[in-house]
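Heads up, the next two complexes both have subunit A, just with different partners, subunit B and then subunit C.
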Partner chain A sequence: MPHKTFFAFILPSLIAMVLFIALPIVSVIVQSFHVEHGRVLVQVESCQPFGGCTTETRVDTAAMAELRAEAPMGQFNGFGTYLNRGHLAVNEIGAILSSNTGFGDVVSRIYNLPFYKALSFTLVFCFVVTPLAMALGFAIALAVNALPKPTKGPVIFFSLLPMIITPLIGSLILYWMIQPNGIVGATLQNLFDNPNLSLRQSPMLTWLSLLFYGVWTNAPFSFVVFYAGLQTVPGDTLESAMIDGASRWERIRYVIIPHLAPLATFVALVQLMDNFRVFEPIVGFSAEANATSLSWMIFNDLSGDAQLFGSAGATSVLTIIGVIILLTPVLIRTWREFNHKVV
Partner chain B sequence: MSDASVSQKRPLGLNVLIYAFIALWVVLAAFPFFWTVWGSFKVEPDFFSRESWWNAIFGTYTKAQNDGNAFTGNGYYGAWVTKEFWRAVGNTAIVTVSVTVISLTLGTLGGYALARSGQRYAFWILIIALVFRAMPHITLVSGYLLPFFQLNIWGVLPTSIIVLVAINQPFTLWMLHSFFLSIPKDLDESAMVDGCSRFEAFRRVIIPVMWPGVVTTGLFSFLLAYNDFAVTSMLLSSDNQTMVPKISSFLGSVQEQGNVMFAVAAVVSATVPLFILVLFFQRQIVSGLTAGAVKG
Partner chain C sequence: MKLMLKTTVSLGALLLTAGAAFAACGIEGTGSVRILSNDFEALRLVNTTAGECAADGVTVTANATAEHKNLQVPALSISPAEYTVAVVANNSIVPLLNDDLIRPLDDLVAKYGQSLQPNQLIKIDGKTVAIAFMGNAQHLFYRKDLLDKAGIAEPKSYEDMLAAAEKLKADGIIATPLAASDKPGWDLAAEFVNTYLGTGGEFFAPGSAELAIDNENGLKTLENMKALTAYMDPDYLTFDANGIQAEYKAGNVAMMVQWGSLAGDMLKGEGAAEGVVANTVMAGAPTIGGGTTPAVALWWDGFTIAKNISDEDAAASFQAMVHGISPEMVAANPTVATWLVAGYEPGPNAVGVIATANGGARAYPMQPYMGLLHTALSAELAEFMAGSESAEQALADVKAAYDTAAKEGGYL
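This part shows the complex of A and B:
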């Protein structure tokens, strides 16, 4: 296809992506180097007929508005926002490392810094939910494949629901059930005979319920992909494995799993990307006291009364760097494959 | 794999295990939805019962407050009429339909070009699209807000629509690109030999055969727009909110006033269209998920 025709076809799509994905990334980077204007203070002397005069310090709103209109992004701050306590917290980490009472102390104090708290939950969510959801999805795929034909359709229908559901709505539905006065929460209280048991009370239980939600909503995707993969397992190979006396387990281990391995890489990649942006369940479960994520931090900065664009920008840039690190192995592999194909 | 001989030889114990596992999974996947739909017709002390969840099943308090009737539509009345949820439903309809149509229009043209080009830059565009696909949406939102305030286009539906279209493009391009690869090249090339221009060939030959792929991709564009929370909650003013941000803003106010059932009813209302979607398009959704996987 000639270059001109190619670009004529793809131009609308490219313009949309450049304007609303590439430029915002630039805008985020620029923002992250700025910080909100300091408050302009004025001394006001107010005199009362009998009380004498007092001087008060007030925020000069007119001057602030003018300053905002002139430079809406705020003042230049360099890497200041990146290094402050709300983000990489370089000074705090230095202090923790230089005076501490052992490894546990270091870990717990670093965990109490907001950025590292969010980062640790995001990473745990990514790397716990993804493999568990894939394992569950694979198990469901194997089981559904063994079902008689007429039952497969309805089972697939119900299996799709947790994946297709709006994340915020799905997490609300689960959250209402696990509340102490919801059906699951109340049953757990009875089961453990502890009327104060609440999945929100401890960070541990909050994390567990969020991870449960993650597996619940991610498993169907692995299931569908693996189930489709199972339909393409060559019958001959399976049969010859049986003739060679391979047990059921050995057939799964040595025929089916190797056959599905390329699909598994794909599923892992997609789910890691999606889980890295974990955000809605934290809002739905109102879990922000015990679990925060990088996306939630950005949302929180932006949704307050004073929108902290600089802070949100810095977290965004750090998140994007995280995404790129996560993607690097895939990008390198795709690049090699492409070169291989061309040669 | 679907060998009759294989399945017949399965020992009884294994069969029991399989059925028990499937039953457990189906309950896990579906029960929360049925429970919430059922509960949305009860009053709050029943659905959020401190005494016993049998109240939610028999509707003890619902009967007491409702002249012996075990079901009530108060939650729905409160959500749709008092809280004007219908506005949000209308906005969601506008946003999802526009996003789907525009994404598909841009995506088919772009995906077709990518599938037929074979140039090195086409590969690069796909790779960059993959990186864009991985961007958490909220990071982009923090880049939009300030420019949109400056341009005075914050808060209205068209802005959100365009943004969602753009966010959706990487995925749409990948999906339609791999779909067009499966349409033989000879088809449009022979049309061009007969004297069609590239665009005419696309219009006369490709468009008639592309609908299965477009429908599948469209389903996922629809889902992205429908399920979005990050973009719509930050970019729409409270009058223009779509369903999902509306529900999230419900939560705070409604909980204080003791009207949680409004939120429950709204949540159920927002789930119904998805239910119907899966009911009718199950096969397309499954094939779409797999198509992406096969291509990798």
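This part shows the complex of A and C:
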């Protein structure tokens, strides 16, 4: 294809990508380098229905308006927001490393910093849910593929349900089920003969239920892709393997899995990216006490009585960097495979 | 968005059908009234009543949504503002004040505010910035039948509550005598603010944004919050105000400090187990540590008028809202809220709030940086409440998180 035709061909999507992806990211980056102007505070008398009149501190709005007119973005803060306690916490980490009572102390004190706490759950979620969901999806795909034709349609539909349900609703449904008076929670209490057992009270059990939810909701995507892949497995190869006396497991191991490997790379790529942005289950499970994620931190900065745009911007940029780091090995592999094929 | 639209549309329909139950509105002049408010029964009622002012040349629309706090600043920043009226409380007025988005109301009060009482005017630096119309506070709800069975009198302090809870549990009367809205986030932070107010401590060093909770009052507050959890459902960290309301209604709880604005719902008793509502008594909020101040914050809800709108719209909006909170409306709906309006006769739902206010409870602080502290508390207390962190560490974390945010917000 001549370059000109190619360019004309992708121009519309290029414009859309610049407008809706590149520009917002640039704006987030710029935002993350700024903090609010120093507030001009004044003491004024304030009266309300309860407690009568008291002297209170207020922001001098006229002075602030002048400051804002001069520099609407706020004060330039460079990497200050990135390095503060809410994010990379460079000073705090330095202090922890220079004076501590051992490895356990270092880990627990670093885990106490909000960014690292969120990062640890995010990474655990990524690396536990992605392989398990892919394995489960693959297993479902194999099972469905072996079903007689008339039953395939309904079974596929049911297998896809977790993906069709909105994540927040899906997590709420599961959350209600694991409550002590929900079906799963009550059954567990019965099984373990412990009327106080609750999946929501300890960090460990909360993490386990979130990971379970993650596998449940992510498996259908792997299933769909692998199921489609299974339809392309060459029948001749399978048949010759059967003639050679290969068992079902051997056929899967030596024919199907190698055939689906490139697909698995693709699924892993998408799933890692998705799982790094885990958010809905934390809100749905009311798990903020025990598990937070990078996306939840952004949400927390932007909701509530005071909004911290610089902080949210910095966390967003760190999330993007995290996604890039996570995907690098997979991308390098894809790139190598691509080069191999060309050569 | 869809939900918001639905709310708006259904409210619009309500406005159209609202009968002439109250005196006619009769706005002077013309204009457009656009109300943004939180979404609960009392505010919906005010909005509907204000809607009666719709006439030739006067349009009234209302958007009651729980997302109001996130909408108000952007919506009032543009010119003309998306809403002419923002219904706010102690805390949500602060962002509007910080960004100078609401107008002084003194002229309008002089011209159209004859029915208002002096204590309804929220004044800052001598200028009226908001008109309060209802009060709210958390206060004690308890089950008289259960306490009688254990021979316990009405608890007046948290120490009484702990002793009562111990007895109720030991006597086998109820397994989880207490409940509190300890869900990490806004609710948990509000619990801290409540108890800390009861200790008499100040949140900030006078005249500055320097945090001052890292002291024995702060420790006492945390210790008390933690001590209560020993008598709660083990899932206490997942319950918000609506959660404990449901637990209480189900008969699982004997005592809780709950919002006055939910007292009406409790008395209606929808979904409550047999005998729960009939035996429920509302009382003033408990004190702490031998103090005399009820350990809760007092709240007011009021309306403000946007700055970036025409004077005609502002006048029409003010008149419509004054009609919305008129003494006639309050006289017809005494049980919906604890009104601050002239001629209000408190109903059974208001007993707790009034007892709390009379007990000398302090108002929720209105400092411009209070929101930052609330956010810091909401995220940093969870580990302490879950039992994986010491109280000293929790307070140090709150201070560190607050300092980071306050620097970013330009306060330190």
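A few comments on the model shown:
The working rule: the second predicted complex is superposed on the first by the 277 of 343 C-alpha atoms of A that agree within 3 Å, B and C clash if a C-alpha of one lies under 4 Å from a C-alpha of the other, contacts with A are read in each partner's own complex, and residues count from 1 in each chain.
Simple rule for what comes next: a contact is a pair of C-beta atoms (placed from the backbone, for glycine too) under 8 Å apart; a residue touches a chain by one contact, two chains touch by 3 or more.
Predicted model only: the values in this text are computed from it and were never measured.
Touch criterion met: A:303 reaches subunit B and subunit C at once.
Once the two complexes are overlaid on the shared chain, A:38 sits against subunit C while remaining clear of subunit B. When the shared chain is aligned, subunit B comes close enough to touch A:25, but subunit C does not.
Contacts of A:86 after superposition on the shared chain: subunit C is touched, whereas subunit B is not.
Partner contacting the larger number of subunit A residues, of subunit B and subunit C: B.
In the superposition on chain A, A:179 makes contact with both subunit B and subunit C.
Of the two partner chains placed around the shared chain by superposition, neither subunit B nor subunit C is touched by A:332. In the superposed model, A:58 lies in contact with subunit C only, and not with subunit B.
Contact with neither subunit B nor subunit C is seen for A:321 once the two complexes are overlaid on the shared chain.
Contacts of A:257 after superposition on the shared chain: neither subunit B nor subunit C is touched. In the superposition on chain A, the residues of subunit A contacted by subunit B and by subunit C overlap at 179-180, 303, 307. On the side of subunit C, the complex with subunit A involves touching residues 69-70, 73, 90-92, 94-95, 97-100, 119-126, 132, 135, 183-186, 204, 207-209, 233-235, 237-238, 298, 300, 340, 357, 361-363, 366-372, 374-375, 378-379, 382-383, 385-386, 388-389, 393, 397, 400-401, 403-405, 407-411.
Listed in rising order, the residues of subunit A touching subunit B in the complex are 1, 3, 5-10, 12-14, 16-17, 19-28, 31, 72-73, 139-140, 143-147, 153, 155-162, 164-169, 172-174, 176-177, 179-183, 186-187, 216, 220-221, 224-225, 228-231, 233, 235, 238-239, 242, 248, 262-263, 265-267, 270, 273, 276-277, 279-280, 283, 294-295, 298-299, 301-303, 307, 309, 312-313, 315-316, 319-320, 323-324, 326-327, 330-331, 334-335, 338, 342.
Against subunit C, in their complex, subunit A makes its touches with residues 35-39, 41, 43-51, 53, 56-59, 61-62, 64-65, 74-75, 77, 81, 84-86, 92, 112, 114, 179-180, 196, 198, 200-201, 203, 286, 288-290, 292, 300, 303-308, 310-311. Contact residues of subunit B toward subunit A in the complex are 1-3, 6-7, 10, 14-15, 18, 21-22, 25-26, 28-30, 32-33, 35-36, 39, 47-50, 52-53, 56, 105-107, 109-110, 112-114, 116-120, 122-123, 125, 127, 129-147, 149-150, 162-163, 165-167, 169-170, 173, 198-199, 202, 223, 226-227, 229-230, 233-234, 244, 247-248, 251, 263-264, 267, 270-271, 274-275, 277-279, 282, 285-286, 289-290, 292-294, 296.
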